[in-house]
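What follows is a short report on a single structure.
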Amino acid sequence: MEAKEIIARRVAQEIEPDTLVNLGIGLPSMVANYLPKEVHVFFQAENGVIGLGARPPEGMEDPDLTDAGGGFVTAVPGAASIDSAMSFGLIRGGHLDMTVLGGLQIDERGYLANWMIPGKMVPGMGGAMDLVAGAKHVVVAMVHTAKGKPKILKECNLPLTAQRRVSLIVTEMAVIEPTEAGLVLKETGPDASVDDVISATEASLIVQGDVPKMRL
Amino acid sequence: MEAKEIIARRVAQEIEPDTLVNLGIGLPSMVANYLPKEVHVFFQAENGVIGLGARPPEGMEDPDLTDAGGGFVTAVPGAASIDSAMSFGLIRGGHLDMTVLGGLQIDERGYLANWMIPGKMVPGMGGAMDLVAGAKHVVVAMVHTAKGKPKILKECNLPLTAQRRVSLIVTEMAVIEPTEAGLVLKETGPDASVDDVISATEASLIVQGDVPKMRL
Amino acid sequence: MKHAIKAAEAAELIPDGSTLLIGGFMGVGSPHRLIDAIVDKGAKDLTVVANDTAMPGRGIGKLVTAGCLSKVVASHIGLNPETQQKMISGEIEVDLVPQGTLVERIRAAGVGLGGILTPTGIGTLVADGKQTVSVNGEDFLLEEPIPGDFALIAAHQADYVGNLEYSLTAHNFNPIMALAGATVIAEPHTIVPIGVISPDSVKTPGILVDYLLERQPDGS
Amino acid sequence: MKHAIKAAEAAELIPDGSTLLIGGFMGVGSPHRLIDAIVDKGAKDLTVVANDTAMPGRGIGKLVTAGCLSKVVASHIGLNPETQQKMISGEIEVDLVPQGTLVERIRAAGVGLGGILTPTGIGTLVADGKQTVSVNGEDFLLEEPIPGDFALIAAHQADYVGNLEYSLTAHNFNPIMALAGATVIAEPHTIVPIGVISPDSVKTPGILVDYLLERQPDGS
């Protein structure tokens, strides 16, 4: 299984029925594909809809209905249009049950950096800072290493997205829960041992007893 | 002519075409009756409509459409429903061209007191503090004296509604404009001389040249 | 999909001592069946946050008469002499808040802001004991958020997932309070199937609504 | 009743050096005819406040390419490499603001608040040089209002008095920006007689709109 599919499948298991969920563009948006049919959730696109649906039938695309990446989408029955103040009011106000975002780095405290690489890439934070500061659960979905180098570090050297501990980190190698005591290794990926994870991670990991494999 | 009619007729002359106007309950609400037909304005009821209209035909009253006093009203063509955040956003944000309010007292600086008499009457400020702080023009419409005693004082002894100079005071005896220099007597009522106004007013009035009569 | 509950069931959800945000302006756009059920239940020691306390025998006025309230946070109580009497006798504590400040404080709680900075009330009794913050040389009052344990919302129409529409001046505080209650109970006049309310007509997304009152049993 | 004006006339109203609030999210819900007219006019030294700068050849991206801008205040410029190049070369000053903070700062300007108190950005680069305000032991960033000389609004439908409706994800910043421009120019897709838009469907009351663009001349 490809790394991205492992991550998306595993994150999908975190989604509770009847919740409001925001999926970032890119890898996080793949999570919707692996949600069991019986689990009903509303997806929020922060650009303005609660009840984001799949791609529209050809010839039925509406230029006034896109996701946050600008791609054509549908709205599910029961959807609601919202303006940006309502959209981020829901996010900042704690009404969003879960957000799934990509990450560049995460440190031992569980703090995320995902919005700029100084001098190199300055795309802007978009909605990321509000999402990490405001969502009830923040799940980071990312590949475990970048060009062989760890992305889970003792300390981020990229600018932080928020001064808040994220709820969960899901990579193709591991599920890690940041806690008060540190980063707890909860599961390993299908092709990774505990030692593999430890050597691909700069930050210290807390390993308690037998660490189960992801069930995908 | 009754005092209230004099006041309402004179205030109506202050209303500019194509503006947004809020009329307080009681005397200020009478102003709408004296607006020339060719002057189109939108009246705002702060409880939630832009485009307040007259009383509805009998049997057509809608319990979901009232003015700020709770009386049945209509909505004119082109009206808009607004929630309280939008209503006061318009008021505080300077989008309301004029508000007409009643007054208990006004002082020499042009500061208004109209929301409570300590130990006696504590109705609450409702929207008055926001209206006086936020409207572009604040017109106070009130009878000149209460039980023979001046209401325009050197200093208010009732709690202030706002620390802001109102734009104009209209009574049955006078039109007075509060300015940086003090209260300027601009016009006298149909049955009042300049001396009558001065003796019915505790605050000092600035009288410049001949003071014209109101033209009603 | 929401389950429609009866007014009496909704009233049972609300413990004595709770803080309730209740929509309405002089009773217009108030959740009348919920209020009646709370009176019937004999609730005690409630704090009500609302624009006003209507008048005796109407809307929130019924909660005042029934002795359900220990505190009222409102912009206006002038048309309810009972509220004034109970304030003077000390039975009900009354906190008067300018109307525009009240709605923004509730909104701040609902959208996760730390408070509001408003010019309203500067230089008046309302400023007593409050922090003043200067922005570019102008002074503003810092007014704190007002959240509720419950928001009791009146709506014109709901769909099965709880999306809400409001009518004319019955909007007032309802769409804002729906953001700020830890638990939100909506009392719609009618309930329609999913899809009857267009996404563009939704004023309160159903994800904010925890409980939906069944429609008026007699269909009125 | 508003007079419908042409896009070129609207562009003439906007002096070089103005600050423009422009609706849209990656070009969706942007006032495209107004943007084209501003490019055609050869405007200079504009500050644009918007969620993003779209991409080259689309929406606000056209203003970037044409060299109309000296400053951009946005939450995201990642999909427009030209904006990034011009930022690095110093041609355009870029101020990056978190999206939720950006929309609330614009709203604060529109509704007369002195700023907002937000948890977003605390402990990050965004907090640099900003006042922190403590409310009940929690820290919030004080972010100042962002008003505009002009707000350029795209709407789905307008009526003759300027009441506006928006469609689906083309709402985005438009209804908020309509509150915060000293002069508001709305570009509706269609214009309908008074009464066609129900009062309950109005998202932006016409009293906020100063100029209404005529509908697309070819009716498309």
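For the reader, a short list of remarks on this structure follows.
Chains: A, B, C and D, in written order; residue numbering restarts at 1 for each.
One rule holds for everything that comes next: contacts are C-beta pairs under 8 Å (C-beta built on N, C-alpha and C of every residue); 3 or more make two chains touch, one makes a residue touch a chain.
Computed from a predicted structure; not experimentally measured.
We define each chain's centre as the mean of its Cα atoms; on that basis subunit A and subunit B are separated by 55 Å.
With centres set at the average Cα position, the gap from subunit A to subunit D is 29 Å. The centroid of the Cα atoms in subunit C and the matching centroid in subunit D are 32 Å apart. Each of residues 49, 75, 81-82, 85, 88-89, 91-92, 134 in subunit B touches at least two other chains.
Among the residues of subunit C, those in touch with two or more other chains are 104, 107, 111-113, 118-119, 166-168, 199-200. Viewed as a contact network, the protein chains fit none of the simple shapes, being neither a path, a ring, a star nor fully connected.
Of all possible chain pairs, the ones that touch are A-C, A-D, B-C, B-D, C-D. Listed in rising order, the residues of subunit A touching subunit C in the complex are 20, 40, 42, 49-51, 75, 77-82, 85-86, 88-95, 134. Subunit C makes touch with subunit B in their complex at residues 25-29, 51-52, 74-79, 84, 87, 94, 96, 98-101, 103-104, 107, 118-126, 156, 166-176, 203.
Every residue of subunit B that touches subunit C in the complex is listed here, in rising order: 45-49, 62-66, 68-70, 75, 81-85, 87-89, 91-92, 121-130, 133-134, 159-163.
The part of subunit C that touches subunit D in the complex is made up of residues 104, 108, 111-119, 131, 133, 135-136, 138, 140, 142, 144, 165-168, 199-201. Contacts from subunit D toward subunit B in the complex involve residues 1, 107, 109-113, 159-161, 163, 179, 194-195, 199-200, 202, 205-208.
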